[in-house]
Every structure is written in structure tokens, then in C-alpha cells.
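Which chain is which? They are A, B, C, D, E and F, in the order written, and residues in each are numbered from 1.
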Amino acid sequence: MDEDEIQRFKEERERLNDIIMDHAGLETKRFFNLDSQVYEDGQIPVKWKEMMGLVASTVLRCDDCIEYHIIRCKKEGVSDSEFEEALSIALVVGGSITIPHLRKAFELWDQLKEE
Amino acid sequence: MDEDEIQRFKEERERLNDIIMDHAGLETKRFFNLDSQVYEDGQIPVKWKEMMGLVASTVLRCDDCIEYHIIRCKKEGVSDSEFEEALSIALVVGGSITIPHLRKAFELWDQLKEE
Amino acid sequence: MDEDEIQRFKEERERLNDIIMDHAGLETKRFFNLDSQVYEDGQIPVKWKEMMGLVASTVLRCDDCIEYHIIRCKKEGVSDSEFEEALSIALVVGGSITIPHLRKAFELWDQLKEE
Amino acid sequence: MDEDEIQRFKEERERLNDIIMDHAGLETKRFFNLDSQVYEDGQIPVKWKEMMGLVASTVLRCDDCIEYHIIRCKKEGVSDSEFEEALSIALVVGGSITIPHLRKAFELWDQLKEE
Amino acid sequence: MDEDEIQRFKEERERLNDIIMDHAGLETKRFFNLDSQVYEDGQIPVKWKEMMGLVASTVLRCDDCIEYHIIRCKKEGVSDSEFEEALSIALVVGGSITIPHLRKAFELWDQLKEE
Amino acid sequence: MDEDEIQRFKEERERLNDIIMDHAGLETKRFFNLDSQVYEDGQIPVKWKEMMGLVASTVLRCDDCIEYHIIRCKKEGVSDSEFEEALSIALVVGGSITIPHLRKAFELWDQLKEE
């Protein structure tokens, strides 16, 4: 993923969320609201919430979710070492089956740093 | 996915199933038969069986399986609201990790309606 | 599970939900509301929604969730054959790994009929 | 699990399978047949098929399935070292989340040796 | 779980880990070492690592792992609100299928506070 | 996947592993070592270890991992029938949700034979 691809990832995500919202009933809309609210600043700062989301997405092996949380982690000022340590926890908890996702995760991390 | 892509999806699926059948032993063949039989009309009408398959595929997060059941649901006359309600159950049961699959699901649903 | 055990299952569930609610923040409370709302009568009748919940819980292999939906299915008048057909879909989608859950599911189904 | 518990595990399994078979339609019965047939002697000897079943059950974290395959592995003459190596593969593939299942697996293995 | 049960949980865990170590080859032993090392103090403080372990264990639905990380979180001074916010993230990511694990988690949390 | 694609798969894998290693702390490096060591010749011959890795990867539905183990299985002289029997175990354990992965697996197997 280079800078253009990241932009396209965001736009594609936006475009498809719009399609969901065109169809969404009340429950689906409420779920999407909840999905934003749980990551908002609270007793746990946003940065650590995003890293929890990153670890959860990695052990559940969802590339789209991982990408989203990486972009958010970068914005929240997560350092290289913090990023690596969080992924090492996900790797040990989730096993070698997570490695293909770690490959993409570190590649995206590098590309975000070049921006 | 536009109409051509859906056609290609079906043909690719067919082509790869043929490859499996070239190799398949008796057990694999029997499994594939079972995989058709459980969705046949019975005490539960086909339409609801397909929607159960859709929900199961969504919580297990298998895009190919979701696509297949969406195409079948459309054929069986599932309405927009029924489709949305079924996916809202999958969303609540399976969590935000299913959202990337919902994005593709609603997009495909729209494209099937345009046909 | 005999009748007493089913009663205890319900009470234990209630007792533990109360503990969650003692702690729950706004998001957790909203999630629990959503978890009720998606199974309410809509374009899809309650009965089929509960069966979708049953199939989803079975392929995800959650005994507590399966038990809950079985009790609800029974209340909604699901027949023996409908119950069996739904579980046969879950079995084929989810594989032999679901069998231990099917064992408990059919046993509970029998006990609910005796009540 | 001591010797009596293993006996009870087998009997309970048998009892519950009978309940399933009382309800089972044609598809469920066929699935159960398939579930036996794929482990029968073929180009791959039974012993290695059972160990594949053991590894699959461990990474999918199904205690009942693990127990069943351990009892079968013991019968097929799997050695201590082979057993340990197979589980170390499951541990690395599936991650630390499999450790609670490994605990029970090694305990059962010890008890089967004492018989 | 009352205080005695928590003590028994720890002892049982210890006893079973000893059984694994009696059998463990080099790789299994190394994995267990890794499983400790990734949670040690680093760029990310221990407290947040344990909460990441808690969220990962919850979305992967492993009661034993959740219990272990709850006991560790309590030791590291995690507050009630932090605990609740972390579990609300796990709930939204992992869906209603995690609720049975949340029930046990909050009950254990209460019992640890009474000690 | 034709021969060129397989070569590209290997190179891409290598390139991304290098990125991980650029970032990797001690724990991540150790995990990668473990991930090689558990498949080395021991009491269980390499060939069977690779097939266990194949079955584990298939029930966990990880295409990258499946591809890797297929290439290794081919190198270790796994026969057509052995390959098919192993995948039929994975299919029955993991259910129809594994079928999209079987499609790709058999296609790759055919392409490796043409080389």
C-alpha cells in the first residue's frame, strides 16, 4: 500500500459504509454508532483503545479491521516499539496463523511513516 | 461486482469445483452432495434455509460463502428488509469484525437488483 | 439438563446479567438493548430470527447462546423437524467440530419437550 | 480424568450420540458416517489421520474432539514424543489460546498410560 | 468464584502446567517462555499489555485465558472503569457471542475486589 | 497460480518477512524461529508434520498458510491420494466453510504438478 492506495482504502471504505447506511435499519445504525463510541476518550485514553482494537483485529485475523486501527494508531502517536510490542502479543496469543496479517500490518506501518 | 463480475464469480466457482471433483475421493464427493441436500426444500422452506446459510456464513466471515448465499437469497425472493434484518442479526452476534463482509454483501445485493 | 437445571440456567443467566448491568457503561447497555431488538418481530417473523440465532450460535460453538436460542425456539413453536433441519445446516457449514454442541442441543430439546 | 472418568466420557458420548440419531434426518446421519469414513485406513495410515484430527481439534479448541482423538491416538500406538511434537505444532499454529486445551490433553495422556 | 476457588484455579493451573513441562520438548518450553516475555514491561507498560491480553482472550472466547488476565489486571491496578471500557471494546468487536464470557469476567472481577 | 505466480508468492512472502524482521523485537524473532523448528524432522517425519500444518491451516481457513504448506508437502513427496485424504479430513472437521480454500488448494496442487 502506497499513499494513493491508503487514500483509496479510505474512500472505498467510505463508499461502502454509505451503501450499508442506505439499507440500514435502526439496529444496524445503532451498532455503527456503538462501534465509534467504544473507541472514544474515556478512562482509557484513545491511544490504548486503538491498540486494543488492533490486537483484537489481529487475533481475529481481519485485514480490513487491522488496516483501520493501524491508521488510527499512527494518528494517535503510537511509536514503532509500541506497535511492535502490541503485535508480538497478538502473535503469541493468536499463533502463526496471524503471520500473514502481520506481514501486511508492518508493510502498511512503513508506508504510513513515509507519508 | 457488476453483472459481468457476478457471471465470472459463478464460472470461476464452477471451474474450481470441477478441479476438486477431478481429485475428490468418495468422502469429499459425499460431502459436496450433503452441502446441496441440507438446503433443499423440507420442513423449512428453501428461502429460510438460504437465509440461515447467509447468517452462518457472515458470522464465520467467509466472503465466497456469503456471495453464494446472497445470489441464492435473491433467487428465492428475499426482500430488502428481510435481507437487512438477517444481516443485522449476524452483525450483533458476530460483532464489528463482520462489518467488512457486510460492506461487500450490501454492495452485491444492490448490483443484483440492477440486473 | 432436566427441568430444574433449565430453571437454574435461566436464573444464573439473570443473576450474571445483573452483575454486568451493575458495571455496564452506556455502550455495554446499548449493546444489550440491540441484542434484544434484532430478534424482535419485523419483516422476518420472530420464529425465523430465533432459528437464525440458533444456527449462528452453533457454527460459532457457544453452548450458552445455543441453549438460550433453543429455549426461545421452543417458545416460538419450532417443530422437531424444523429444529433438526436447522441444526443439519449448522453441522454441514461448521463441520464435525460442532458435534459436541449438537449433542447438548438435542438433549436439551428432548428435556424441553418433557416439560 | 481417571479411568472411571474416561469410561464415563465414552458412555456419555455414546448416550448423546444416540439422542442425536433418534432425531437425525438423512443428512445428519450421512454426516456422521462421513465423520467415521475419513479416518479409516487409506493411503494415509489411520495413525496419522488420527493425529491430523488431533491437531485440527486443538487449533479449533474443542475439548471433546481433542479427548476423542487422544483416546484413538493411544489405541493406534502413538508414542509420547510423537504426541508431544504434534501438540507443539498445534501450539505454534494456534497460539497461547490453545494452552488450556494442552493442559487437559497432557493430563488425559498421562491417565491413559496408567491404565 | 470465591477466594478459595480463585486459589484453586491458580493451583490447578500450576499443576497442569507442570504436567505439560514434564512432557514438553524444547519448542513447547520456548513457547511458554515467549508467552511470559511478551507481557513483560517494555515500551508498553505491563498494565496495558495485560489489558490487551484480556481483550484478545475475550474476542477469542477463552475463559481460562480471560481469568488469568483478569487476575493480572487486578494486580496491576486496573480500575473498574478501565476494566469495563476494555470489555466494551471486546463486546463490540466480538459480538454477542462474547456475552457468556463477560458474565463470568464481571463476576470474577467483583470477587477479586472483595478479597 | 501458474509457475510465475508461485515464484512471485515466494518472493512476496520473503520480502514481507524481511519487513517484519526489520521491526521485530526479540520475542517476534523467537516466534519465527519456533515456527520453523516445530516442522523439523523429529519423531514425526517432516512429511507428516507438513500435512498436519496443512490440515491445521485449512480448518483455520488461512489461504497464505495453506499455500505455504502445499508447496512444502509437494517437496516432501506427498502423493495425490494422501493430499486428497488430508483435505477430506479438514473438510469434515471444518465444514463447508472450508470449501473456498479447498478450491484454491487443489488448483495450486495441479499447478505444482505441471512444473
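A few notes on this one:
Just so it is clear, a residue touches a chain if its C-beta (ideal position, glycine included) is under 8 Å from a C-beta of that chain, and two chains touch if they have at least 3 such contacts.
What you see is a predicted model, and the numbers here were worked out from it, not measured in a lab.
The minimum number of touch steps separating chain A from chain E is 1.
Of all chains in the assembly, those touching chain B and also chain C are A, D, E, F.
At the far end from chain A, in terms of centres built from Cα atoms, lies D.
When each chain is reduced to the average of its Cα atoms, B sits farthest from chain E. Taking each chain's centre as the mean of its C-alpha atoms, chain B lies 37 Å from chain E.
If you average the Cα atoms of chain C and of chain D, the two centres end up 27 Å apart.
For chain F, the set of residues touching two or more other chains reads 25, 27, 31, 34-35, 38, 42, 56-57, 59-60, 65, 81, 85, 88, 91-94, 96-97. The touching residues of chain A, when paired with chain E in their complex, are 31, 34-35, 38-39, 42-44, 48-49, 51-53, 55-57, 59-60, 65, 79, 81-82, 85-86, 88-94.
In the complex of the two chains, the chain A residues touching chain D come out as 59, 91-98.
Residues 13, 16-17, 19-20, 22-25, 27-28, 31, 35, 56-57, 60, 62-65 of chain B touch chain F in their complex. Residues 61, 80-81, 83-85, 87-88, 91-92, 96-97, 99-100, 102-104, 106-107, 109-110 of chain B are the ones that touch chain A when the two sit in their complex.
Every residue of chain E that touches chain F in the complex is listed here, in rising order: 25-27, 30-31, 34, 37-38, 42.
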